[in-house]
Amino acid sequence: MGGVHPPENKLSTKSNITELPVPKAVIIPLGQHLGVPAKPLVNKGDDVKVGQLIAASEGFVSANIHSSVSGKVLKIDKALDSSGYTRDAIFINVEGDEWEDSIDRSPEIKKEISLSGAEITKKLAEAGIVGLGGATFPSHVKASVPKGKKAEYLIINGVECEPYLTADHMIMLEKPEELLVGIEIIKKALGVSAAIIGIENNKPDAIEKLSDIAGSYSGTTIQALKVQYPQGGEKQLIQAILKREVPSGGLPIDIGAVVFNVGTVYAIYEAIQKNKPLFERVVTVTGKSISKPSNFKVRLGTQVSELIEAAGGLPEDTGKIINGGPMMGKSLASTEIPVVKGSSGILIIKDEESKRKEIKPCIRCSKCVSVCPMGLEPFLLGVLGEKSMFARLEEEKVMDCIECGSCSFTCPSGRPLLDFIRFGKSNVGRIIRSRKQS
Amino acid sequence: MAKKESTFLSMVLTLFLVTLGASAALGYVYELTKDAIADAESAKKSLAVKRVVPEFNNNPTEEFIKIPAETEGDTLYFYVARMNDDTVGYAIETYSKKAFGGLLKLLVGLKPDGTINNVAVLEHKETPGLGTKMTEEKFSSQFPDKNPAKFILKVKKDGGDVDAITASTITSRAYCDAVQRAFSAYTETQTEKGGMK
Amino acid sequence: MNQWRNFIKGFIKENPVFVLFLGMCPTLGTTSSAINGIGMGLATTFVLVLSNVFISLTARFIPDKVRIPSYIVIIASFVTVVDLIMKAYTNTPGPNGEPSLYDNLGLFIPLIVVNCIVLGRAEAFASKNSVFSSFIDGFGIGLGFTFALFILGSVREILGSGTFLYPALNFKFIKGDGMLAFVLAPGAFLALGYLIAIMNIVKKRFAK
Amino acid sequence: MSKLITVSPSPHIHSGQSVEKLMYGVVIAMMPAMLVSFYFFGLGAIYVTLLSVASCVGFEYLIQKFILKQKPSITDGSAIVTGILLAFNLPSSLPPFIIIVGALLAIGVGKMTFGGLGNNPFNPALVGRVFLLLSFPTRMTKYPLAEGFNTPLLIPTNDNLDAVTGATPLGLVKEGLKNGESITSIFQHNGINYTDFFMGSIGGSLGEIAAFALIIGLVYMLIKKIITWHIPVSIVATIAVFTGILWGFNPESYADPLFHILTGGVLLGAIFMATDYVTSPMNPKGQIYYGIGIGVITVVIRVFGVYPEGVSFAILIMNGFTPLINRYVKPRRFGKIS
Amino acid sequence: MELILIIIGAVFVNNIVLSQFLGICPFIGVSGKVNTAIGMSGAVAFVMVIATVVTYLVQILLDKLGIPFMQTVSYILVIAALVQLVEIILKKVSPALYQALGIFLPLITTNCAILGVAILTYQKELDLVSGVVFAFANAVGFGLALVTFSGIREQLDLANVPKGMKGVPVAFIIAGILAMAFMGFANIV
Amino acid sequence: MLLVIVDTIATLSGLGITAAVVLYFVAQKFKVYEDPRIDEVEEALPAANCGGCGFAGCRNFAESCVKSESFEGLYCPVGGNEVMTNVARILGREAITQDPQVAVLLCNGTCENRPKTSHYDGASTCAITSSVYGGDTGCQFGCLGHGDCVEVCDFDALHMDPVTGLPVVDDSKCTACGACVKACPKNLFELRKRAKNDRKIYVACKNQDKGGIAKKSCSVACIGCSKCFKVCPFEAITMADNLAYIDADKCRLCRKCVTECPTNAIIEIGFPPRKIKTEETAQANPDKTENKSDNNY
């Protein structure tokens, strides 16, 4: 159902993952995940090591945060986040590169899994693993199947349907073995035997590579998928692979599926087998005007400007800097912000491509309806949002919108449908919550 | 305003009085206007008759004959117009069911010799702007002073002498049909009864 | 002065058709020509004035529960009077056999009884005011109604048939037909819609 | 940095589709039919088309500029589409006054009254056309004979109207049936044959005469993804089925389905007018119901009504039902709990 | 067959609102929301049928006594009483139905559609069964027009209708175009 | 003649009486309790049952009047104001009396005072913009300038000043309905007590950043220096979140704080011009004086 096909522009597929030098200073925000921000454990002036726990999770849906560098804590203060609002963060001045001893830094691949399922889940929480596919949902929560539900399939999201981004693709090419071990780990944690890796047809090399090795891991298969945005959306992926639909308002586990992104799987592998908490990740830096589109392994807290510098510098005609892909990413008001767990890519868009179309009246062409992967009516949700008609919005299932942006992308009238829908969603969400409370 | 208490008795009584007064007044007005209404009704008809036959001084609306029409079992009404006891013409109420909107009723005025004096439309359901053009000069003036014995009452398309109304052949046909029906009835009465005096 | 204001309010400020949207059926149904509009308007005015006067006289004696039925009966009686009178005196066909005014207004004469204006005025005004003010009120509102019907009738007649006040003024400004749609039902709605929009603007000007 | 970077919510790219591209796409799709009409009706067709487009665009500009005081948006092409489609629905023998009134009704009443592009509940071109049909029935039901450029550019007066114009095949059949003729005899009588319908050498309004040209337009719009198949196909299929039943029942008093589909505005309506975005339902299921409605009403009017042609009315009526369809027929929601 | 023709005629060809101009006030007044329109249509159908039956009986009495001019007065009296009666009973017997229909009942007394249909039934010289069918068909026609219309108006609430046209004026324009569209059914019966 | 009249009388009276009797008994039998005030209100209405009010009949309208808290959206076009006041009287509702208030904008981040740092290109409403990011200037607390507040004001009391890019309140029209207070996603409006001559003194800033950062993003930001707090003789000023706040109830309009503020974040409106000081301030910050003199009447 629905979907669009924007130009893929995967410019950085030729560039292997390279490690970015450790920066001079990092800013580590306390809220890098979905849920309650973490509570700082260090004070100004403290010395920290790479991988040291510096902020502890606050409750179940929250995540630990570890230092990505070694050095001295400069201060704990407000820092701009990607949206231009200030949030609490830990500022660390780098001194050397001293890692926690417990981390196994050897390159060899460790296959046998010594931990039990429950231990794995606990470890995931300790290591501060969150979903790296976008939503930064704490992975230990996802790995603990609620009572009364049963996981049947583990689905690995290697779709990377966002144009431009290649981080997941590179991980699949460069770390296939680790991925498959990571999958075994999650299988064990969830207690499932079947895992399916979904990959879009536009990454034949990844499909080939993974299929080659997957033979030796029973229960894990690869499924090639149609190239279409948003094939990587959790619900769409499950539907494409299992032919089951996540019910409206429900979770994947309701139909026996759990989805992890390949980046997350890799992080899980490292956490469990190498004892390495989540403090670095792969980030694609790309854009048509960028001289060296690259995939970097970056310490969290590094400033975006340094990544751009490493990829050849910020071009003169830059119009927009996007954190993430062009369909779902957030545009940044400044480059002076840190890379966080959820940063999958930095995309530079040229000035002339960054302007939105002039807004015209809706001509009711129904193109937005036909592309909406959730079977919604974006044109209607848009007006209702614009006119703040929240009761109708709820009736029209606005909360089902996955904010994929296909509707705004398609609209010939250049209507900012998703802007209005988000506004409506946030209000309807608030209304629903307050109703639940009372 | 001092409000009246609504008790059962007062309610019924009031309604009774109101209806009493109203009905009495109505009955009275009805009586007053009864004759005028009847006059207006008959005047309506005689006015139409006046338009289709030459001047007369009897009251044709009271002096009429019913003629059962050939097939459908409908009746044609013959109104006889006299001037000082001389028959000056007949007004024949005729119809056609072939019109565009169904029934078309005409009043055809014939002179004693059978030539058409004038035709008036009594009732129709034709489309405004199309069929309704039958009341206009351009079409209706074709008929006076023609004798249907020689003037073929058919549209030219069907081999007759009548110019059809633009884009309204159907209405034109029905019009001819109705006039023809009147004329046939007239000739019938002439032959059957040897004329009416 | 006060009575004067009471009288003219029905034309613009509280015009039953353009402002209050009451009595829409006769407004649309009887305005295929200006004369018809005036005829209907006057018939309604007649009922309005008489029922207003009569009700202001008798309201005091009518108990509350049967107020509405009583008023309706009174109004219906006046309507029937109008009906009978019109049947008697306005039932003459036109020179070319056009239907008479009575035929044209047809069903809508008995329907005056359900015209919301009449009952509304009886209730809202006549039952609470003096005979004279009720008379003025009924007359003013009635003429306002007539005025609206006349305007609408004129517009439809001019556009639809190319005549004005036919057959009183037997004159056709255009050759052939007008835009027949205006004589038919759709034209009534369209013309009234735009007239109300224009009146909205006029009313705003007036208010200033 | 000297210049400011731009910030906006996602998505940050756009398909590049635009109202202009769609509208001019429709204009291109109408070109074959327009050329056919020029070929058969000569200068008259060119004159009607030009005047209709010019007055539609002109009225849109004037109303936006002077009455609504908005920024005129005539370049989006929707008024041009309306103008061409209005012309497609008119005979080539209309006096200028009538064409201008039609354009005023289409744009002024049918479109701008509701707030312009995208807001109108009814198809503007059809509002114009149906108003003209009701207002000037004589003119609107008489069509010049398709004689190509030999037809002099002439606007008949009321007097010679009959001489230079005729009825459409549908009109002929309708009249014949009314006179009690059988279909076969009507066809023979009037020399009706199907190649003519396909190629366009029949009497009719500008755009309705040549099936092949309209179908080329349809294919173009489908390829260009301007429209989807749902509406045209459901209309034509419904008409075929409905008339097929009647025809099977009595072929002498009901014309066959092919005749009904090829004549009159069925194809014009199904391809270009029923598909108007603004006035048709918003999802495939709704569009199919809408198409079925149009098909049924068209046949009812053609077979039982006074008008030989029912497509215009059928589309307008279903336009009226479109909001209800949109209200009750929703796209299939993902993950709907059944 | 006769009855079917009556139904088609009343619903489509001579639609009570769009071509007969009856019941315009509620048509304009209660057509803002589809749900209200549906309720109103139901109430009208209910009252219209009962009123036609009762006035039919009253007419017999009037004819017997030779006082046809009393038609208007007696009809309206009967209808007014009837509406009130229905309202009172409904309120007690079926509060749910009252909630759905009852609130529209007072509006119906002064709705010319009811009286109009009663008089038309008489003028068309229909018998009781045809009269009831005729009344019901007219109510359906009313409902059809009203609900369609309310759908359009609801949609227009989300559109940018120019200020001067908002509300009643644009409602009349829609009615006009709908009436135009319904002219297509002219003479199908 | 007589016979006809007798018949008519008999028929109509018969019908009338039957109707009355039947109605009476049915009404007795099927009585349902209802709020008696509904009857009273209905009484006061014209009973035209025209639907002009948007309700299905007068009774329905009366019910809504009785049930709803306020008369918002309830109006009977036939009866007009007179009837509506009667209805209000029946329901014993009166306007809640309170000190007259007026809306005040707590931001002076004009285009000049607060340079832009990015360019926004999305749906232009403040609510949406603020959900996307902090704003197109360095100040994440200031006005976004898309005019959501103007949009919601039903009394035409707000409009955007195209030069400053900020909304301006027309004191004479503002009814203190509070719509703008609710609408502004940055919470920049406050309803303040009206003083004589519409004089007011308030801190036109909500920037909670530290002084240096605040000052960098906006030249008239409150930097939280507490100078005004110290100088105020009436303890009308409180400090919180790097911000000063003047309590309108305590403030006696002495204007000491205004001169003290190093960034001119405190605005005075409605005062006669000062003699000497104004020139100084005018030089220090031309924009601010302009703002002040604009409002000096």
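So that you can tell them apart, the chains are marked A, B, C, D, E and F in the order they are listed, and the count of residues begins at 1 in each.
In this text, a residue touches a chain if its C-beta (ideal position, glycine included) is under 8 Å from a C-beta of that chain, and two chains touch if they have at least 3 such contacts.
All of these numbers come straight from a predicted model, not from anything done at the bench.
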| item | value |
| --- | --- |
| Smallest count of steps, each to a touching chain, taking subunit E to subunit F | 1 |
| If a chain touches subunit C and subunit E alike, it appears here | B, D, F |
| If a chain touches subunit B and subunit D alike, it appears here | C, E, F |
| Distance-maximising chain from subunit A - centres being C-alpha averages | B |
| Between subunit F and subunit C, distance of the C-alpha-averaged centres to the nearest whole Å | 43 |
| Mean-CA-position distance for subunit B and subunit A (Å) | 87 |
| Gap in Å, rounded to a whole number, between the CA centres of subunit E and subunit B | 33 |
| Mean-CA-position distance for subunit D and subunit A (Å) | 50 |
| For subunit B, residues that touch 2 or more chains besides their own | 11, 15, 18-19, 22-23, 26-27, 30, 100, 127, 129 |
| Overlap residues in subunit F, where contacts from two or more other chains coincide | 4, 7-8, 11-12, 15-16, 19-20, 24, 48-50, 52, 117-118, 121-123, 128, 131-133, 136 |
| Sequence positions of subunit E contacting 2 or more other chains | 25, 29, 67, 69-70, 73, 77, 80-81, 109-110, 160, 165, 170, 173, 176-177, 180, 183, 186-187 |
| Pairwise chain contacts, counting only pairs that touch as defined | A-D, A-E, A-F, B-C, B-D, B-E, B-F, C-D, C-E, C-F, D-E, D-F, E-F |
| Contacting residues of subunit C [partner subunit F, same complex] | 19-22, 64-66, 68-69, 73, 116, 119-120, 123-124 |
| Contact set on subunit F toward subunit A in their complex | 117-118, 121-123, 125, 127-128, 131-136, 140, 209 |
| In the complex with subunit A, residue positions of subunit D that touch it | 1, 3, 5-15, 17-19, 21-22, 73, 76, 78, 115-119, 228, 277-284, 330-337 |
| Of subunit C, residues touching subunit E in the complex | 21-29, 68-69, 72-73, 76-77, 79-80, 83-84, 107, 110-111, 113-116, 119, 181, 184-190, 192-194, 196-197, 200-201 |
| Partner subunit B, residues of subunit C touching it in the complex | 59-66, 69-70, 73-74, 76-77, 80-81, 84-85, 87-89, 91-93, 96-97, 100, 127-128, 177, 180, 183-184 |
